[in-house]
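Can you read through this structure? Questions will come right after.
Naming follows writing order (A, B and C), and every chain is counted from residue 1.
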Amino acid sequence: MRASNWLSESLAVLAKDLRSELRSRVAVNAVGLFALTTLVAVAYQIGPYRIHEDDRPHLLAALLWIILYFAAASGLSRVFVKEEDAHTANTLRLAARPGAVFAGKLLFNLVLLAMLEVLVVPLYCALMGYAIAGVLPFVALLVAGSIALAATATIIAAIISRASGSGTLFAILSVPLVLPVLVFLIQGTRAAAASSEMAAVVPALQAIVSLAGVTLIAATFLFPVVWHD
Amino acid sequence: MGGRPPGVATRSTPPATCHESTSADSDNGSGRPEVFAILRAVKAVRVEFAGIAKRYGNRSVLTGLSGALVPGTVTAVVGPNGSGKSTFLNILSGLIRPTRGEVRYRGDGADLERQHWLALLGVAAPDMAVYEELTAIENLRFFARVRGLTHDDGHLAALLEDVGLARRELARPVATYSSGMKQRVKLAQAIVHEPAVLLLDEPSSNLDEAGHRMVANLVARFRLRAAVAVATNDPREMVWGDARIELAL
Amino acid sequence: MTKRSNWWPWLLGAWMAVVIWAAFYYAPAARGFKGESARIVFFHVPQAWVAVLAFCVNLVASIRYLRSRHPLDDARAATAARLGLVFSVLATVTGSVFARVMWGSFWNWDPREVSIVILLLVYAAYFALREAVGDPERRSSLSASYAILAFVTMPFLVFVVPRIYWSLHPDTLINARGSIDMESRMVQTLLGSLVGFTALFFWLYSLDVRLAKIRWARRERQGG
């Protein structure tokens, strides 16, 4: 029987995916390119001065999350499809426990999202003149939101990898489920930008954390079904 | 990121996890003990299948197969192309659900749960690839770790050498390998955890004569303890079978 | 069963005819709403309710399918989703028309408007997924998994978003259900409509499931 635990097996999956990605750079290129292109387009056309002062809080928060999510989606959706394309999915299916596979892939998607945020957020704030008053609340939002988005994206990526695997299908399936998270993230970002108090983002944070929790629990039960069928 | 096999090319005494020093009938002729030898108490697992049928729409691929894979025997699954050999092995390994019938893994007289028998199962098949961006040793390290094994790199490198990969090849990405070398890595992945049930789908494909002898040796070693099934069209492989399942179109 | 199917649809038809009449003639015009526009509420609210009910039926059938793996449970789930899609489209359209008459624009970002559209998107996604999978068993289990996943995130839209929304946007819109103290005749009509639409849903659902049973039985006989 197994000597190790679920955590080390998940980390093995994560390490394998990171190593693979480092050498092929498929997801990183797609995500980075998308992010930088949209960022530059938005910054060039809109920039810090073209938005009316009243509209700035709404627009700047919304634009940030649009750029982040759609750039991420191009990378997040591939995490299982690449295994099916390379014919390694069945090998992995027989070698690893479903829980470890899901956790490892989820962690990989989290790393991808984190790298994207580290790249995009400072650039965005600089290029668009976006001053965020509550940095700590904003970071809390980023962490919670990333977990929620990654959890949803990972389970849907698993579902589409067993279907046609297309990016379009990923978009169709994920939009209804990701929309609530994005709505709360945008509202929370607006609140964090306006005030440095943690209390300002608490409603949004509560909603995001509970969404993340509920999605993770559902995914934990559903993933073995999706993976093994 | 480290953990490349040690630069020193000579292989020292076999690692502690391997065992029986056999008579020197290894296919590499150097007389050193084979890593394939299984001495550790491999659980005797029997795979019973009853009434296995598989249909895709109106097309019936398998109709009513019953029997068992018994530890200590090799079962040859033979038949023309398209007769369902690979489908049958996939059903045994749980990758495909049969339309009818069931597969049971029994050990110590009781049915085993899926998570238990998966750990005791090794499969090598044409459509089950290994990770091409990783090196052979990284692949094995991953498959060992993800199965909860604690083999060190020395053991893994020795295993890869026993399937016929030279030590200097082990640090190159699998994508640069020939198809024969890739096949060897696949076989290594199938046996790294010393499975009690070994399913091989056309194991000698892409291999040269030396490779074929290596596979014959591998099957012979595993036959001692495990339940082995080999799906094949190759007459040289068919003769390995103590039992035979014939599939027709 | 034949006896039942003889009078049951007729009763339903008569009931719905009465409801329609009541919506236009029995219930009074609501105060505070523009002219007769409030009457659409008697159809809009039940349609939205049925869309959500269908979602719940789909959830139960999906969970049952994952346990039983019986094709009929999958047929039940798909039927419920199909009806849910139709009713959520109807609810969105009637709600939109009402919004146009009352407030001058078809779309107002009222949280409930948004949640019914999201439900519509979930149904559409459900069918897009089914279309994308060839193998019937895999199609059933993947769509059941998606339905369950969608269901657990839904309450956040229906219940939590309105609370958050209100707290950040104090200038709320009056919700389309009207004021709480309705006249008794309006309440009667609304309840009658709710009962009628619910019965309509279950009747259509049972027809489709019966058809699925016949098809399945025939496939079993042919399969042998």
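Going forward, contacts are C-beta pairs under 8 Å (C-beta built on N, C-alpha and C of every residue); 3 or more make two chains touch, one makes a residue touch a chain.
Everything quoted here is computed from the prediction, not taken from an experiment.
Chain closest to the overall centre, judged by the mean of its C-alpha atoms against the mean of all protein C-alpha atoms: A.
When chain centres are set by their Cα atoms, the one at the greatest distance from chain C is B. Our note on geometry: chain B versus chain C, Cα centroid distance of 53 Å, whole angstroms.
With each centre defined as the average position of its C-alpha atoms, the distance from chain A to chain C rounds to 31 Å.
Between chain A and chain B, the centres computed from C-alpha atoms are 38 Å apart.
Counting partner chains per residue, chain A has residues 229 touching two or more of them. Looking at chain C, one finds that residues 137 touch two or more other chains. Shared interface positions of chain B, i.e. residues touching 2 or more other chains, are given as 97.
The touching residues of chain A, counted against chain B in their complex, run 1-5, 8-9, 12-13, 15-16, 19-20, 23-24, 86-88, 90-97, 100, 228-229. In the complex of the two chains, the chain B residues touching chain A come out as 1, 93-95, 97, 115-116, 118-119, 121, 123, 125, 127-134, 138, 142-143, 145-150, 173, 189. Interface residues of chain C, counted against chain A in their complex, comprise 66, 118, 121-122, 124-125, 128-129, 132-133, 137-138, 141-142, 144-146, 148-150, 152-153, 156-157, 160-161, 163-164, 167-168.
The touching residues of chain A, when paired with chain C in their complex, are 152, 155-156, 159-160, 162-164, 166, 169, 172-173, 175-177, 179-180, 183-184, 187, 191, 203-204, 207, 210-211, 214-215, 217-219, 222, 225-226, 229.
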